[in-house]
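Chain naming follows the written order as A, B, C, D and E, and within any one chain the residues start at number 1.
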């Protein structure tokens, strides 16, 4: 597993070979009034929404993954994880989504905006690692655990070797959980959080154990905020997600 | 009584003999508009909701307990405590609940998701205790007191023997209240809190005394958050709960 | 005046001669849509609500006092202070209230649940005081000032004599305001706060002076939270309260 | 300018020659649905509301000043600053206001309740000052800047001469801005804040400079909370305020 | 780039040659019900809204820039950045906007009010800089990143040379990002925050790198709050913004 919340310096002089990806996690909630509409109207609304999702998922420069949180969270029901070369794609796509039959009854409960970046911390568990996190390749695990992340201001005042040392400890713990795949993206200045971390995993118990074990690392003391934490169930078809509403 | 909020390490090398249980506490609130519907429509809506609850309660791998908080809490009116081997059962069941006549007028005010785990702290009051908390067997006490729980980050930096010592003190206090039965579950990484603690008890006064007495233990200083705290009245029949709305 | 926020230990070995009272303060807010209903429908709704209040006020084991906060507070309009031997009375009564013509347009903005307990701190200003606060006898002062109260965790780590000393100072200040009558109840574990304090007084100026003077006591430093603070005007007739809506 | 947030001791032995004034700042927000009503219905609603305001403004024992915040604040649109000898006047007046055509579409976003008191800090810039703040005489400046104010608990532990010293520094800075007129009122125990401060001024730039300069005084370190901060535009006619909606 | 969050002293004795500008950032959100209106009614509503914006943009003393946040933020959909010599222009304009066909379905999610001021910190990277920030000349960059900003109270207790030193470090880092243009305005006393900072930039990645790098400066430790952070896409035509809804 990689290392979330590292607070690395921007990569001075190192140009990523792949273009920056823009990333957005949008969490939606449906107005209960929608459930009181006739079934055929609801079906039409879902189909219109799904059509927009499929249109954008089919683009070369964009990836869309869909998840349901129904029954697992009070304030959000489904989520779209969107990755694109162009920030404006998110705007264009959301305009269309909110104007579908279903979209007219949706509110966006949470939205996290971020970009991909290379980390300057060396991954000593895997020194040949070309540091893939500058380009996200989602693994489509059964579950996705997502949360916004903020370090304390004191973390940034520590010397770089100190922070590298704490990241070494963090990475060591993570390596005991090879079934957990981490995606870290950066939100400094463009949204309320500093990072967004998204963990793909097939077994929630493994993830609970990992997070609990990480509590004992030194770096954990420098976490200012790591909530809300979302447990999301992956579906490879958007209609299956919408049918959980 | 057991020990809430222990922040134990994951059980390295110790495999629970029983499978992991997934646990969910969902707190519901009805739209006042529902109370303005005709009585027969309300009755039908409640029956549809109850039928879904009974369907899932009848499954071998799932347990559902229902409670009312009407008159005891401002922002939630009833609660379902759900225990299952499969996380997806919660999703499937909630989809169905929210599409019943009553469900179409409900919002979920709070939802807490957790799993069962074995604690590594020895229970010195009862050394032969096989540590039953890895498998929840609810006792169906008259009242259930539930709250999400988070320790401070400093707690996790204390050495394990120090924490074991504080848990010893905590367990000693709890043992003076044999009428209070604790269920601790773990939410690290899968929800906003670290633990969810649920206390079954027939006499609220006992629980108030216990919690007040625990304030004086050393471990109490390491509590970051233990609210909101819900007082729930148990009913062995879901319709009795729905009839308090 | 008595002493709020004392964080006393449970009374080991001392059995109160009077049964525990359960206490609830429910603060209600009406949907503006109710004000747009025809006058006769509003009148009927208020009468139904008042009838339930009078039914429960007439029981031997229950006391109900009603207050209006209209014009004094943004987020709550009236309050019922309920005292009963049985917690379930609150549930039963609220079910009925919320199903009256007025109740169908109400939300409960705040609810505080607590019990009565004996304090272990000696009231040195009045050593013969049999410590009446284990049983509430409301004085029906013109005004009631109510707030939930939480001490810091550090308070509970102080030795008992230290806390008794601080309570002595607190009680001394309070004794300068004999026109202010305090009712302290305990919420540890059963609601978000630790205590609920309710001060009866005929002159708000006296209460402002008292609270400002208490700021200078040592114990004041151990207050974690004492808001929201509600100013409530007493009416001896529930219809007079409902007519302020 | 006078001195806000002083945390003075109650005036022992000094009786104000003028009766206590009760003060209330009510901030209103209109339901967007009201804007969708026919123009003549809206006009009628505004006239009914204005009539109630004028009825109470005409009483000998009551003063009402009205302000608009439209375009300057997201969560409040207009405000009534009410001063009366009798707290119950606020209740009676608000009941009537909320039942007017406009009132039936209003919510009260914020309400601050306070009383007038004499400060024990000497105003050394003006020793002959009979300390007029025990009786508010609003100056009807073009702008009113209002906020609730809370000092830290540590402030109250400082010795009185220390606090007097800090207030001297504070008053000195204030005296450089004679165009800013301060009204301080006291809310200890009767509302969430400790003080409400209302500054009358004709030039917002002067007030920004004053507040920024005050940041450098020692007393500023003991501010726990001084938000939300409202910028309000004065109108001498309530209908002009309502016509900004 | 300039320096945000400097907490400078008011400019004693230095009169700005240009008049004070008043600045307002209003973030709007549309009621989903508006999306359910017939297309022609929605079109009319947008045209009415656009007409008001163009009327005020055409005034000599006022500048209006419009942005969309659809798909980038959960709780706000578009924003108007307004600059005027007269605060009352904001009030007048918002009254008209909220009464257009679209305005009747809008709520204002956030509003930030501020003024322009000269900074007393010397910009040592550019000593001949006549300090243009006393008068905003927006550059119309593709993206605008806006956030309210508050320094800790401790910052204001540091000596002026200390703060100048920290600002030197801050300015040095900023100078590495010439593509980011900063506008700092002052809200002390007139809104909840102390400053509002608005960064114009054509490449979000540059801004993320800048903010992350600034985390390591000493001044960063004195940030109390710098959220919420809004990413806004610029459109030179208001209708293009409204068409993203």
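The rule is short, and it goes like this: contacts are C-beta pairs under 8 Å (C-beta built on N, C-alpha and C of every residue); 3 or more make two chains touch, one makes a residue touch a chain.
Here the structure is a predicted model, which is why all the values come from computation and not from measurement.
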{"item": "Turning angle required so that chain B lies on chain D, C-alpha fit (0 to 180°, nearest 5)", "value": "145"}
{"item": "Distance from the mean Cα position of chain C to that of chain A, given in whole angstrom", "value": "45"}
{"item": "Inter-chain centre distance, chain A versus chain E - centres from mean C-alpha coordinates, in Å", "value": "28"}
{"item": "Chain B: positions in contact with at least two other chains", "value": "none"}
{"item": "Category of the chain touch graph - line, ring, star, complete, other", "value": "ring"}
{"item": "Running round the ring (origin chain B, first step to chain C), the chains in order", "value": "B, C, D, E, A"}
{"item": "Chain A contact footprint on chain B (complex, rising order)", "value": "7-10, 20, 22, 24, 26-27, 31, 87-88, 90-95, 98-99, 103-111, 113, 115, 117, 153-154, 156-157, 186-192, 194"}
{"item": "Complex interface listing, chain B residues touching chain C", "value": "32, 35-36, 68, 70-75, 143, 145, 199, 204-205, 207-213, 215-216, 218, 220-221, 223, 227-229, 231, 233, 243-245"}
